[in-house]
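The structure is given below, and queries will be raised subsequently.
Each chain carries a letter (A, B and C) given by its place in the written order, and its residues are counted from 1.
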């Protein structure tokens, strides 16, 4: 009897959770499906769900019009580059805040986070002028630096909260053994911090990949990533749902796949100190 | 083993040599159909100019405008060829931001450019941009629906004719809307239409002292009629419909009439994209009874070279190619005459093949010739420009006013309130900009 | 515990981050501050007269400013409410035993990976469009008039789009927190005869307080600067219905190219963001002992 109840309950939960999951995922699914339709079928009413003539024409058309692979590789370079650069700067900072906290640590951390609240539009013109004068406009270097800077506070904070969960006794034990600061970081802390670092890395790749203000405003042709690619499909003449869907699928697929494959790693460190 | 290595070495030397020679020009353009076609046809250019590489930045209109303006005003130098409207050309030319195009190659035949367009792009006797395509506005309507509803639309309709036809053609349960008009806020979207409509009602944006005129009876009449048409006979969601949205509605056969840019004619008569291709009729932009003004809509998308470019010669070469008679012929050869970029050259309209292929040719030319952007309103005004006011501040003001009007269309405020808000906003901005002392 | 040696080492290790962020903040900000006192329109170069507080006066008396302030608060508050309530419920659901939990979790977190621009374009065109959208098709299918989402409920539509993007994030963090809850505690409460509701309010919710705080903090940071979704769907309209502060500053500086006015707006936005920041930090400080 009791067993039956739990089984029924499990069944009900499964149905409910799947229904909600599919509902939340549906816009993405619909976009992917539409990308294989013709323009006429894309707006057909009532819409056809699976039984239509599947076509790859939209992808062909998009590929013909834009250099997808360059946009794609630019996106990869800037999101990876900015994240790695950011980690290189953030790891020492977060380490020192977590293990050698001072009186001002909390203020410094909060100040760092508050820089993320500044509206980027407010400083676009100054940044544009600085980039022009330093020759950074439309360069991958320039974009990498900007994306690194805007995500740095999040990186530091995420690492900080993760590092804090590493028990201090381990460090003391290492110190007792006479390990130097360097050895302490390399041999004791780093292995423990890897999950947190991996998770931070993933989250920031996602954030950098999807950043659409600076990437669009500081590039022209050479450094333009996928956000610029999508901007040329946003509202062209005539029917465009199918082409928009194809371009959208191409823009989000890489990060979606990365996210799915690494979701375990992502979730492990994505606590921001929420769990004690 | 040796050969591949040799091959690699040889190709890389070649590549290096080519790289040393090749000049790359970056072209910023709008994602409109004609420009996308140009991008596809550029083999014709690169074949003859192997030393010039083309990089394309194709963006949606508003994004493009913001990007190129930021770049040119800060002398960023990211683009070598910019696609800009006839609104920008004179303003930018006066700032010395554009290179004059008075040394076009032989055979370019600048005298062939339609006079209205040419004068819009000329500052102090020099041409500062080459027109890629040009447009005025006109009425496009479904001949089959008009017949079914028992209405005729004269070649020079009045707004009363339009209103009656819209009413007769509307069949909401059959998803046929009598009239589709722009409602999406923006100086180049709903305000282009509304300014032209107001012009045809005898209204104007400003009086001689740059005082906003939204409190005038003419604006009130025009705006109320616009709201009536849209609310009674327009499609749902019209407050977010711009040119592109209406085009797609018309192509799907959901609009009885559509008053918009003449360039749309070649899209709505294209049997590949349009379900109503063989039943489209054309008429001139309406006027109000007793007011001799058809709105004066005149727009062209033009290619220009910013002074901040590093490769002026290559950029000019490209522009000369893309706006030449030869390019028109190339399009005609590849996609048929109907697809030729309209509204820039007299020779196109004299071409019998074009006249045959494009039923809208005559009406387009008439509309363009009828536009007098030097005198937009029947009133005495201190500005020029047809569906816009040719001052730098207009983009911001026009878009702000466009928001007010689209709020009225969405039903958030009533017509009077919207006009009052527009009046207030315009007065504020003009005061801030120093026009009103 | 910390020695003087490790203290100075710590200072050296933190300084690159601090210096970079300080530079990133101060250099453009001081330029913006300077521009905000000028009559500086990009389209009219050469005329950079001192304008005093003119730009501020115009920005602060702009009817759009109060509308934008209100919209910003509604937008942030609305999205936070939806994502937290939805996130808690979804986290509890996902924590139940079920078949295919891994796949459901993958489905639920997917929107977080979608570019905001893409998400908004898809919602606007393929779902909310009153003529060709899927919602319109559904409405027609059951014999109802299609609803014009972006015309009649613009801000609510934007909130829906943004909430869709952030719901996964809230759910993930809340789920992790929920999983750390000691199940003995719940069982003990059940033994004592506590109903599901009382268990939720007395055990789960207090346990989730920290996680909720974190979600509020992180999301607020991103929600204050929501921009792409508005740009590609409503352009801030109709009227000012969906103009938030970020969009208003954008309209000033990049639609009107009024750098002076836009800069003044930017400075105002920075001040407002700081007020929110202080408020938030207080809250965090209480709930999150760092």
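Simple rule for what comes next: a contact is a pair of C-beta atoms (placed from the backbone, for glycine too) under 8 Å apart; a residue touches a chain by one contact, two chains touch by 3 or more.
It should be emphasised that the depicted structure is a prediction, and the values quoted were computed from it without experimental measurement.
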| item | value |
| --- | --- |
| Per Cα centroids, the chain farthest from subunit A | B |
| A-B compared against A-C, more contacting pairs | A-C |
| Separation of subunit A from subunit B, taking each centre as the mean of its C-alpha atoms, in whole Å | 38 |
| Averaged-CA centre spacing for the pair subunit C and subunit A, given as whole angstrom | 15 |
| In subunit B, residues with contacts to at least two other chains | 70, 74, 248, 252 |
| Sequence positions of subunit A contacting 2 or more other chains | 43, 124-125, 129, 231, 234 |
| Of all residues in subunit C, the ones touching two or more other chains | 42, 132, 136, 254 |
| Footprint of subunit B on subunit C - complex, ascending | 41-45, 54, 58, 62-63, 129-132, 136, 145-146, 148, 150-152, 154, 233-241, 251-252, 254-258, 261 |
| Residue numbers on subunit C that touch subunit A, as the complex places them | 1-2, 5-7, 9-11, 13-14, 16-18, 20-21, 24-25, 27-29, 31-32, 35, 42, 90, 93-94, 96-101, 103-119, 121-123, 125-127, 132, 134, 136-137, 140-141, 164, 167-168, 172-173, 176-177, 180, 210-211, 213-215, 217-218, 220-221, 224-225, 227-228, 232, 245-246, 249-250, 253-254, 259, 262-263, 265-267, 269-270, 273-274, 276-277, 281, 284-285, 288, 290 |
| Residue ranges of subunit A touching subunit C (in the complex, touch as defined) | 6, 9-10, 13-14, 16-18, 20-22, 24-25, 27-28, 30-31, 34, 42-43, 45-47, 89-90, 92-93, 95-97, 99-100, 102, 105-106, 108-110, 112-127, 129-130, 149, 152-154, 156, 160-161, 164, 168, 172, 181, 206, 209-210, 212-213, 226-227, 230-231, 234, 241, 244-245, 248, 251-252, 255-256, 258-260, 263, 267, 270-276 |
| For the subunit B and subunit A complex, residues of the former touching the latter | 26, 28, 31-33, 36, 39-40, 55-60, 63, 67, 70-71, 74-79, 242-245, 247-248, 251-252, 267, 273 |
| Subunit A residues within the subunit B interface of the complex | 39, 43, 64-66, 124-125, 128-129, 132, 137-138, 216-217, 220-222, 224, 228, 231-240 |
